[in-house]
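Paired with chain B in one complex and with chain C in the other, chain A is shared by the two complexes that follow.
On to the complex of A and B.
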């Protein structure tokens, strides 16, 4: 009996390791290949050396990437666009969820239902009409002391940010979380004379760390990874985000070492960020988040 | 306090959705000196006589029918493997989730390289079969291009649905397992009569999210095959982006998007009906 149990748990561990190997091998291959010259990448492919940083190892590919592509600029653009989207997204969506959870608003149910209804519209169906629409929108720019008016948002930073701030799923996550915070807390604060905004800022939000972390990651990932949208609305090189940068590598002769270096360069920051927040993220989704 | 979110959702979801509906019946172009005119169902007439569109429908159906059961099944297996606490559980959770954190564009690029005739996948196949398997030129052959894209898509996204399954598993009360243990049930019986019914709501959530994601297949196609070889991997969204963006035919692209939206609605409605709670 005991042997049988032991055998079973060893078997389970073996399956776990097998899945882990399948999940990890392409990523290890990418990181390792980014350090090798092309010739060696192909030479190592038929042996385990493909997954080991051995042989002629250097950061030459990375140096070449910065020569070929304005990689620093792209990274900066993506960091900026993602950060602003995340910060504004947390603020706008939590505020909306707070009002829906705590305040007496007329037609609250209808508003909440309408917000959730937007979840059934896949972004891909909106993308093309949206391109046409943002091209009709007005845009005001402060130029010195005069307010300049122009038409069309194409080829700007705001077209990469503003459409993605409000998000029904984030509102839903915040709302679920706020509902679990006892209402007695804000009643106590009200007796002390606190206004709604003060309750939001000093009572509810400080208690909502896990929900905020989840929304932050779920907003950050698509912002950093966005590809279809900037492909359509951003033409100027100095406004492009990281994912569009991959197009630069297939124009002339392809150097796979450089491709792998660029791929690693735009992946590693996200992986590091994810590992740093791993526990709170996986746990908060697994325990509170997506329980529909 | 609702206003900022409500205004943004109105401006960037409701209005474009309605606009898309309207534009589909016009001749609007992205940049055009001509005024927008109503043209009735011309765009749809053109769409429904386009053989590439039917090919795209077929490809997406193929992709979805394979991906939905395989990916949700593998994700469930992964979730079961890391559901209980054991030493190193966080390590496995992190590793299983790594592909999800990697963007689909990077994943596509990476697998584009691995799928070459002389690439890593074929080298591995040759190594584990002692040289017996001579792998194909995965993305260059119309017969293997779609299966190749299916494999990498599952590899990238299974970890996400693993997390959703995991949420469901953690929601099943431990007492149920203890009770079933007292009754001396086998592991399979336990899964069949405790775990599986306990995952009722999670099941429909996983099903719906995988299906919608599968129907909207685009990034992989755009990076890896551009719909080829011989239209064997073209998809509805890929066709919409081609006409709407490359050829700037906003109206035609809106018509495709509208058909896509109706398709998503029908498929989700059918799924809801099939997985409804039976009293």
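On to the complex of A and C.
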């Protein structure tokens, strides 16, 4: 009986390992190919050698990446834009969800439904009108001690951040999670003299770690992978994010080793973030019954 | 989650966010709003091509140093996303003064009002015809170079298979090509002896495969007025082209979807013949030396054909200092400038005077053959504002046909869509 159980669990483990290996193949291929010269990448393609760091291995492709594109600048831009979008997104969307979940306001169901309805409009259909719109917005710039006014947000950092702070899906996630927190806790805090913001800050948000982690990841990923929007609104090289950078490598003679090295570089921060928040992410998905 | 790790992450994120927010107080340097200050913005597609970008920058530096009225400022974009960036900037009314444009798109951009006709001091009649883009009888863009498609193979492979090397004087006929592929396949060295780059997407599809269609006697659109594709894209000759093209895959002469990099696959001996452009010539020559043979495309009835026109320069219609922009373009077309860009790219220089300055393109030069192909075989892609739509429809048809769709009905559908588009845009009349 014990042997049978052992055998069954070993079999289950083997299947899991098999799935993990299959899922890891593209990432392993990317990392390994980033260390090989082009000719070898294609030469190894038809054998297992494609997944093994053997042959002519070096970091030449990484050096070439930094020669060819301002990769450090692109990385910093993406980290900055994504981080600010995540932080402001968590704050704004959780506040919105808190109001919809806790406050007794007439018409809040209609507001919530209207917010959710925006989920069905694909961003691509809004992109071009949004470009026109952001170019009409006022812009203030500090020049020494004077504040200068101009029009148009194109070619700035804020145009990559502000349109993506408010997010219907994040509001929905927070709202569903807040609904699962007993309202008696609010009432107890109220008796102790807490106002709405104090309840939000000291009662509800500290209990919403998994939802916050999920929103952080779900906001970070599209911000990090953002491609269409920055290519429409950012012209200066010094403001470009990492995903635009990968296009630098697709000229007539593509160097696939460099492509793989760049892809490896821009994948690392995402993997680190996911590993850091993995447990909370899984908890939140499990508890809200939402697929990411 | 580990509390310590959370704190470290949170602190790092906050620090980076603050840095980014502070940095965000500035505006990018590529804004076209700088044009009021005597600065003219120039946008180019070659951010990913450092050699070409450096050559363009050198011309700009030289022009900036030659006068003090205006400064040209270069902003480079990656090629694949360049068109989208320009179209978005046009929608926002934020175009720079000078842009580079892929030749076949010029009529569309001119029709859309992005470009104004060129008024240059430089003599455009000295340019290779395919390097000047015209629409409605006026020049709208001019380029420093063109590129040419060719068939490349190893001479030793052809010899082993008993196949003659095709030449300009005597290109392969359709029957000879069929025979050559059969013999090469018979050697048993390759799964697919031919690589036509069937994994390519976007502009590659019309650029690479419409010349075959034209060699059969068909075309993308009726060039008499550019009002319909009926009879040219779905006539008997076009259907014959489609069946021949799919036949290459059906006979396992080529893959329905080739590798991502056909040139590299060829150099790795995964194919016997590769259909690629002059841009791959130097790389192939360096790898194969004298064993490399560069051959013209196949004569499928109406003579070998290749696509004409590459990247060119134009002046936008809302440029506040178009006189200076035109002056810069005239300056940039000096033979030494054209030669410098052609040298950097390995492309075909746009004028004979420039070619004379590059040994590879002089008579008997290693790359002269590409220039000869361009002069002899280049067919401009249809010079109509409808071209981007036609190209998309043709590209879809090519992929469908290759994947087994009925040739006649697929081409009929493409024609129907193209004709409807032309009609709905009022015939793309000026």
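Couple of notes before you dig in:
The rule we apply is simple: the second predicted complex is superposed on the first by the 262 of 292 C-alpha atoms of A that agree within 3 Å, B and C clash if a C-alpha of one lies under 4 Å from a C-alpha of the other, contacts with A are read in each partner's own complex, and residues count from 1 in each chain.
Here, contacts are C-beta pairs under 8 Å (C-beta built on N, C-alpha and C of every residue); 3 or more make two chains touch, one makes a residue touch a chain.
Because the structure is a prediction, the values reported are computed rather than measured.
Aligning the two structures on chain A places chain B and chain C in a clash. Touch criterion met: A:118 reaches chain B, while chain C stays clear of it.
Contacts of A:182 after superposition: neither chain B nor chain C is touched. When the shared chain is aligned, chain C comes close enough to touch A:238, but chain B does not. Once the two complexes are laid over each other on the shared chain, residue contacts for A:29 go to chain B alone; chain C is not touched. With both structures placed on the common chain, the touch criterion links A:138 to neither chain B nor chain C.
The wider contact with chain A, measured as residues touched, comes from B rather than the other of chain B and chain C.
After overlaying the two complexes on the shared chain, residue contacts for A:77 are found with chain C alone; chain B is out of touch. By the touch criterion defined above, A:248 lies against chain C but remains apart from chain B after alignment on the C-alpha atoms of chain A.
In the superposition on chain A, contact is made by A:43 with chain C only, not with chain B.
Legend: residue contacts after superposition of the two complexes on their common chain; A:19 is shown touching chain B, with no touch to chain C.
Two complexes overlaid on chain A leave one chain C stretch from 222-230, 258-266, 294-302 or 330-338 clashing with chain B, and it is 258-266.
In the superposition on chain A, the residues of chain A contacting both chain B and chain C are 42, 45, 128, 131-132, 135, 227-228, 231-232, 256, 279.
Here chain C touches chain A in the complex through residues 1, 5-6, 9, 13-14, 16-17, 19-21, 23-31, 33, 43, 46-50, 75-81, 84-85, 88-89, 91-94, 259-261, 263-265, 267-268, 270, 277, 279-280, 283, going by the rule given at the top.
By the touch criterion given at the top, residues 38-39, 42-43, 45, 68-69, 76-77, 79-81, 83-84, 86-87, 128, 131-132, 135, 139, 141-142, 150, 152, 154-158, 161, 209, 213, 227-228, 231-239, 244-245, 247-254, 256, 273, 276-277, 279-280 of chain A touch chain C in their complex.
Interface residues of chain A facing chain B in the complex, by the touch rule stated above, are 12, 15-16, 19-20, 22-24, 26-27, 29-30, 42, 45-46, 50, 92-93, 95-96, 98-100, 103, 105, 111, 115, 118, 120-133, 135, 162-166, 168, 171, 196-197, 200, 221, 224-225, 227-228, 231-232, 243, 246, 256, 259-260, 263, 266-267, 270-271, 274-275, 278-279, 282, 285-287, 289-292. Chain contact summary for the complex, chain B toward chain A: residues 1-2, 4-6, 8-9, 11-17, 19-20, 23, 28, 30-31, 77-78, 81-82, 90, 92-99, 101-107, 109-111, 113-114, 118-120, 123, 126-127, 155, 159, 163-164, 166-168, 170-171, 201-202, 204-205, 212, 215-216, 218-219, 222-223, 237, 240-241, 244-245, 250, 253-254, 257-258, 260-261, 264-265, 268.
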